[in-house]
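Paired with subunit B in one complex and with subunit C in the other, subunit A is shared by the two complexes that follow.
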Partner chain A sequence: MSQILIKDRIPREELLDSGHLACPGCGAPIAMRLVLKALGEKTMVALPACCWSIIAGPWPQSSLRVPLFHSAFETGAAVASGIKAALEMRGDLETTVIAWAGDGGTFDIGLQALSGAAERNEDIIYFCYDNEAYMNTGVQRSSATPWGAWTTTTPAEHPEMRPKKDMLAIMAAHRIPYAASASVAYPDDLVEKVKKAKGIKGTRFIHILSPCPPGWKIADEESIALARLAVRNRVFPLMEVENGERWRFSVDHPGEPVEPYIRRQGRFRHLGDAEIAEIQRAVDERWKSLERRVQHGT
Partner chain B sequence: MPDDRPIAGPARGVSPAAASTTPGGRPVAGTVQGAPRAAVQATPVERPIADTVHGVPPVAVSTTTTLVNRTGSWKYIRPVYQDKVAPCNQGCPVGIDIEGYMNLLREGRTQEAIELLLRENPLPAVTGRVCYHPCEDGCNRRGFDDAVAIHAVERVLGDLALASPLPPPAPRTWPETVAVVGSGPAGLACAYHLARLGYGVTVYESELEPGGVLRYGIPEYRLPKQVLARELERIRALGVSFRCGVQVGGELPWSALAEHHAVFLATGVHRSRPLGVPGEELPGVRAGLDLLSEVNHGLRPELGRCVVVVGGGNTAMDCARTAVRLGAEVTVLYRRSRAEMPANEEEVFEALREGVHFEFLAAPVEVMGEERRPEEEALEAIRASFDEEDARRSALRLAGLRCTRMALGEPDASGRRRPVPIPGSEFLVPADTVLCAVGEEADADALPEGLPRDGGAVAVDALGSTGLPTFFAGGDLVDQPHTVAYAIGSGKRAALGIDRWLRIRAGELGDGTDLAELRYGPAGNVSMTRWRGDDPVQRVAPLNEVVTPERINTDHFRHAERHADRQHPLEQALGGFDEVNQGLAPEEALAESRRCFNCGVCNACELCLIFCHDIAIRRRGDGRFEIDYEYCKGCGVCSAECPRGAMAMTREGL
Partner chain C sequence: MKADPRGVLTGTHYLDGDFACGEGAMAAGCRFVAGYPITPSTEVVERIGRRFPMMGGTFIQMEDELASMAAVVGASWSGTKCMTVTSGPGFSLMMENIGLAAMMETPCVVVNVQRAGPSTGLPTMVGQADMMQARWGSHGDYALIAVCPRSPQEAFDLTIHAFNLSERYRVPVLVMMDECVGHMTEKVVIPPAAEIEVVPRRLTARPPAEFLPYQTNGSLVPEFARAGDGFRFHTTGLTHDERGYPVMTPECQAKSVRRLLDKIRLNAGEIARVEEEDTGGADVVVVSYGITSRVARLGVGLARERGVKVGTLRLVVAWPFPEARIRELAARVKAFVVPEINMGQMVLEVERCAAGKAAVVSVPHAGGNVHDPEAICQAILGAAR
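Up next is the complex of A and B:
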């Protein structure tokens, strides 16, 4: 089949309701929708502060059809660990407990709790939906913000000058049983990884790139296309890491130039050709290092 | 998503302690269930919680879903499903729903695919072989990897149709009868469609067997007679009657057709244009069309060793390749360069493959004769004893063509650069036979008097009417490219025009036909299905607009190699008139149909639904989709991700 048909690989069950409060074109609800489809209704969600605190709806609403616990910013992994422990005490070994955090709650504020949970190998799946800044509060930079990007705290005159933190490698370094990166533009790959993670015991980490139209300064309808470009040009490779050692790519990464991806986003508008060449160089270098990891392990 | 969920139902999101007790169950607001902290129990104990006195649980617990938020009010543009027209459909001179049969074939609904094809094209096994497939020129896949091999798929469907049982006679709906004069592709198409529309049809043919150019023009190595014979059987089975061996306007006067209520003229063009150079009357100078006809009648004329074909069109290629099969060394003389050749590229390629030599930028100046050589006289005498006239003329024999080199000057009316002779560049090409293939024209004497003309062609309106009462015309008689597909298309248009005219005349129809709505795209041919209004393909809000490559989201497709036609090995092909192009096997055609993008028509790939972050797109029972505008925020992702341009964003409220 010439068209890549994915409809038969996406479960039909819906555990997310319409009427949620995500901005038009937001990647985060697509990520949540796909993850819940893969996990099924026996799932509980620990949700530290992030865009999804809003998306889920104000009290007394909830857009999820599974239990969701709103928690403090730094506590996503800790709360999920606690829920899991409580369930185990009550004899429920079946329910999957996940933490669902943004990049701020993962890369920055929640990193300690996440590292602790991973170190203890808590039996949770930790999802980071990454829109590469604190979008909910008005686009402040996080350590997930890519090099060169505009945010309100890294204005165009002083753009982000540190590379994006390599969260997947950090989690792999914890030697957890399963870590992966996924994208809302590759729903079949995402669903497959979540199903695989569900079948593994211990701490599992899935990092999902999830474009933010207002924060990235792109048109609403471009979010999926840009998420796809980020994979095709190796800015955000889709990978799996088992036990921190066995790295593999899960889809094709043709290695298209990064320039169209950068040029289509207003947050990179201030960048000139030299800066874009620098991004390309960094992407190429990182790709080589990832290839080495795939070939030779860590 | 079930639609029957209450807006303000039981709690969905509750504290973990509240929900964990009844997995899958729905805790009721205000009665949070709990369990002893220390004990691990298989059966949880339910107990009331003190804080519910005021109806407030100990922690904030959701009691409704977000379905109360009608987020659809946020949008200012809205997505709609809007089927459009694939470029192949518009590019097809016959006017076939190509995209439609590709989609049916892809789904394994082969019989329905054949029926959809036969709705528009009476001769798919013929066009699958001989049409130069302009449909493929516009294929949106061309810019991705390679155009879909539409012709090969059509051929397989056409051959499957030939292997199917014959159709029952078409029910006779109307009292009127129609005469079709000429049984080439235009005449056959008109007869076929009129019979299917419910008219009595008689086809008049001057030759002894029907088929016209399909039988007597196109060489057998491109179109086996057996294929034509079986296509004709199907047309006969519909109830079309044939009167062959009758020259209308000759032994049968035009007035004899007065018993019919309409007449469709499709007698074609037979008169070869002369070369217009001295020596043209010499023996050995022949009309290319005559040679093709002779060979198609089963004769194998002696052409000598050197044959020169003058002309660069498809007739010239047919003559050259036929002469090769008769054992000659063939040179094609064309006054422009290869780029300007009107012949189809594939024909030129095949001719080259078969060893035909091309002299581009060369034109004849004079046909040269010479005295017969003594050693040939005995042979000539034997020949003369069979043909007295030939003997009288043969004082001279053909020596060759004196030619001049040409250069390309300013563009002429056709947009091609006009060839001009280069002085002093003359040269001689030896020839035993010269075949003229520099164009054909209609034999005006054989047509009814008073037909309006447009240059050499018969003038007709968009539906084939000549303006002369009862007379319609099509095929090569009218001003259009002289190809089988255009002929079939004109026959179909005329059938529609005759039906419309007869029904208007009978007072059963107004004359408000919107032709634009009958066409596949603004520039396509008319669709018989649209005229009849019984499209078996369900379409959503169809827009008669052609899908451009920009509307195709190629991210959702993989590269896939085009299936190439199998060719008869060269040495065997040259040994006779066996069909050269062997086409595709049915399973290859099926694979090729899967390369089709299905431009502009939803084929339920569900990407819109998968990428809808508002969960506002739902499957309907009929396999289509609906958008819940109460919740759709109008982000446009569905339309942007649609691989085939079957969605659009429209202004909210318009």
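Up next is the complex of A and C:
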């Protein structure tokens, strides 16, 4: 495999045009671009309110070459369920219907709709591009915001004091056929997972870590480097879960210390050594728990 | 009673309307806010999130607007003054629980910094098209109060007023801001705490054995007992009698719904508030509210230059609507002109009250920006002819 270049493992087809409205260094359009390459043009996107409702762009800067249904904030999975059901009634069994939501629209306001769709095992792929706060409204905390992070509603004096919600485990607990985590820093891994998901029927969930330079207070060019660090230090492990039971890691996670990852982000600037040690402890603990799942199932 | 000084940032400030609204809430004694981020209202809770720890307040960022409004209704029953803040889409999601608050007679304040709709609309740009939803948005018959600030100073003053009305009448009070007022920055004077009058929760003095939670003794507004103070406690969105327990009969429904409406309708003279200029000898009266009242002033100036006798009436309180005053004016003016950043909402109330005695001219504007004052002037000139 090492002889095959990444560019040869990722389809050349472009379904996301340049000229979209994302901020420089944003992970979200990279995620969309890779996902659409893997899914191909027979794809429809249900999009609740999120950064992508801006990124897709007002005319004439519309950047997507696939149909887009921009719905209310709490409804991504529900709208996708309806679109898929109606396409099936028309005899279209080929089109892939995806929901594409941010962490707020997935972890918080959209969780009820997502849980309902997963419980019914709707034949949709739900993507969460996770930038770890409400970035579109100017950086308010979400339940995806990591412990210790600054946001405008968790100011440095009172930073986020709860761990990030474990969405992958929540979705696995619905016993859906496929759930995975992916990263814009691992494009080949991401594309493989999306292709695999496309070949499975039922609710599929893919959680993509997507850095946000203004929200994380990092330089534009650091997005990919930090997303890669988050995997290497096990802050955001890349995994697959089949039928809620078979857990596996999809790439190597060498377990580098979290400190460089934390220190490079302005949103963690207020943290001292003791807090960073606490983050390391939590990451190590969760890793052990994930290893147990990989070895013994749930 | 006077305001708790811990919540009052006395001084002369340069604040936007959202921040001023947050300061008004804190000055009024609000110590619980539940909210969810939405443009153009988020700055209100960002301000409160920073300042609440200094005064023992609690801000919770909830998982959505249903939860925000529900948490406010719950928290209010602890006796705490509560608020949530949102804009159009979130306001829609809050409607069921606003109705619950009205049914349970729960004091609370809901701020809607209006943006252009429908649906997601223009999230960062102005609208005033939630005015009828404010009055009628939740299902069933109920009444509530809505105030309309037109400046950052009024965002401060009227938010305090909203809390006071909410405590006095035990209803949700809506602060119907708009994006322009929310995001404009002007001088805001915050007086000393000793000069700010606040209405505390009207707690019952009766012993638990004699207290009935919805008994009004003819006043229309029941006294309050906090959950956890030793009173038997049962509150519900089901139709209930004076004991607070469900009574599923048409008779109880008739009695309780009527009182929910009467406590606002019969006190409308006291609650409704307008601000008038030069309506005395006017042929035409311009009725407006919020940011539009400031734009209308320019249109009125242009019309006066062309010789029209025109006065202005501003809705400081939009709901209950100042029916009596519009009826009086209708008897002696030629026409009302009603500019608003919607396709014609409060103009329907003006028409209803004018009842054909004066002409009523709508000056609709779909939103995204304010009216062209010349359009308002032309409507005044047309109405004066």
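By our rule, the second predicted complex is superposed on the first by the 290 of 298 C-alpha atoms of A that agree within 3 Å, B and C clash if a C-alpha of one lies under 4 Å from a C-alpha of the other, contacts with A are read in each partner's own complex, and residues count from 1 in each chain.
The criterion applied here is as follows: a residue touches a chain if its C-beta (ideal position, glycine included) is under 8 Å from a C-beta of that chain, and two chains touch if they have at least 3 such contacts.
Just so it is clear, the structure is predicted and the values come from calculations on it, not from any experiment.
Engineer: Quick one: subunit B and subunit C on subunit A, clash or fit?
Structural biologist: When both complexes are placed onto subunit A, subunit B and subunit C end up side by side without any clash.
Engineer: How many degrees apart are subunit B and subunit C as seen from subunit A, counting from C-alpha centres and rounding to the nearest 10?
Structural biologist: If I round to tens, I get 140 degrees.
Engineer: Let me test your reading of the model: by the given contact rule, A:V294 touches which partner, first (subunit B), second (subunit C), both or neither?
Structural biologist: neither
Engineer: Report for A:A282: first if it touches subunit B alone, second if subunit C alone, otherwise both or neither.
Structural biologist: After superposition on chain A, A:A282 lies in contact with neither partner.
Engineer: Answer with first, second, both or neither: which of subunit B and subunit C does A:L111 touch in the superposed model?
Structural biologist: The answer is second: A:L111 touches subunit C but not subunit B.
Engineer: Would you mind checking which one, subunit B or subunit C, touches more residues on subunit A?
Structural biologist: After superposition, B is the partner touching more of subunit A.
Engineer: Go through the superposed model and pick first if A:E157 touches only subunit B, second if only subunit C, both, or neither.
Structural biologist: The second partner, subunit C, only.
Engineer: Report for A:R141: first if it touches subunit B alone, second if subunit C alone, otherwise both or neither.
Structural biologist: The answer is second: A:R141 touches subunit C but not subunit B.
Engineer: Quick check on the superposed model: minimum Cα to Cα separation from subunit B to subunit C, whole Å please.
Structural biologist: Between subunit B and subunit C, the minimum C-alpha distance equals 11 Å.
Engineer: List the residues on subunit A that touch subunit C in their complex, please.
Structural biologist: My answer: residues 49, 53, 70, 72-74, 104, 107-109, 111, 134, 137-138, 140-141, 143, 152-155, 157-158.
Engineer: Okay, in this complex, where on subunit C does subunit A touch?
Structural biologist: Against subunit A, the touching part of subunit C is residues 36-39, 42, 45-46, 49-50, 53, 59, 61, 63-65, 89, 93, 119-120.
Engineer: Flag every residue of subunit A that touches subunit B in the complex, lowest number first.
Structural biologist: 1-7, 10, 14, 16-27, 29-30, 33, 41-42, 44, 46, 56-57, 59-69, 83, 86-87, 89-92, 94-95, 187, 213, 219-225, 228
Engineer: Which residues of subunit B touch subunit A in their complex?
Structural biologist: Residues 1, 5, 11-21, 23-24, 35, 40-42, 44, 60-71, 74-75, 555-558, 560, 594-597, 604-607, 609-611, 613-616, 628, 630-631, 633-637, 639-641, 643, 649.
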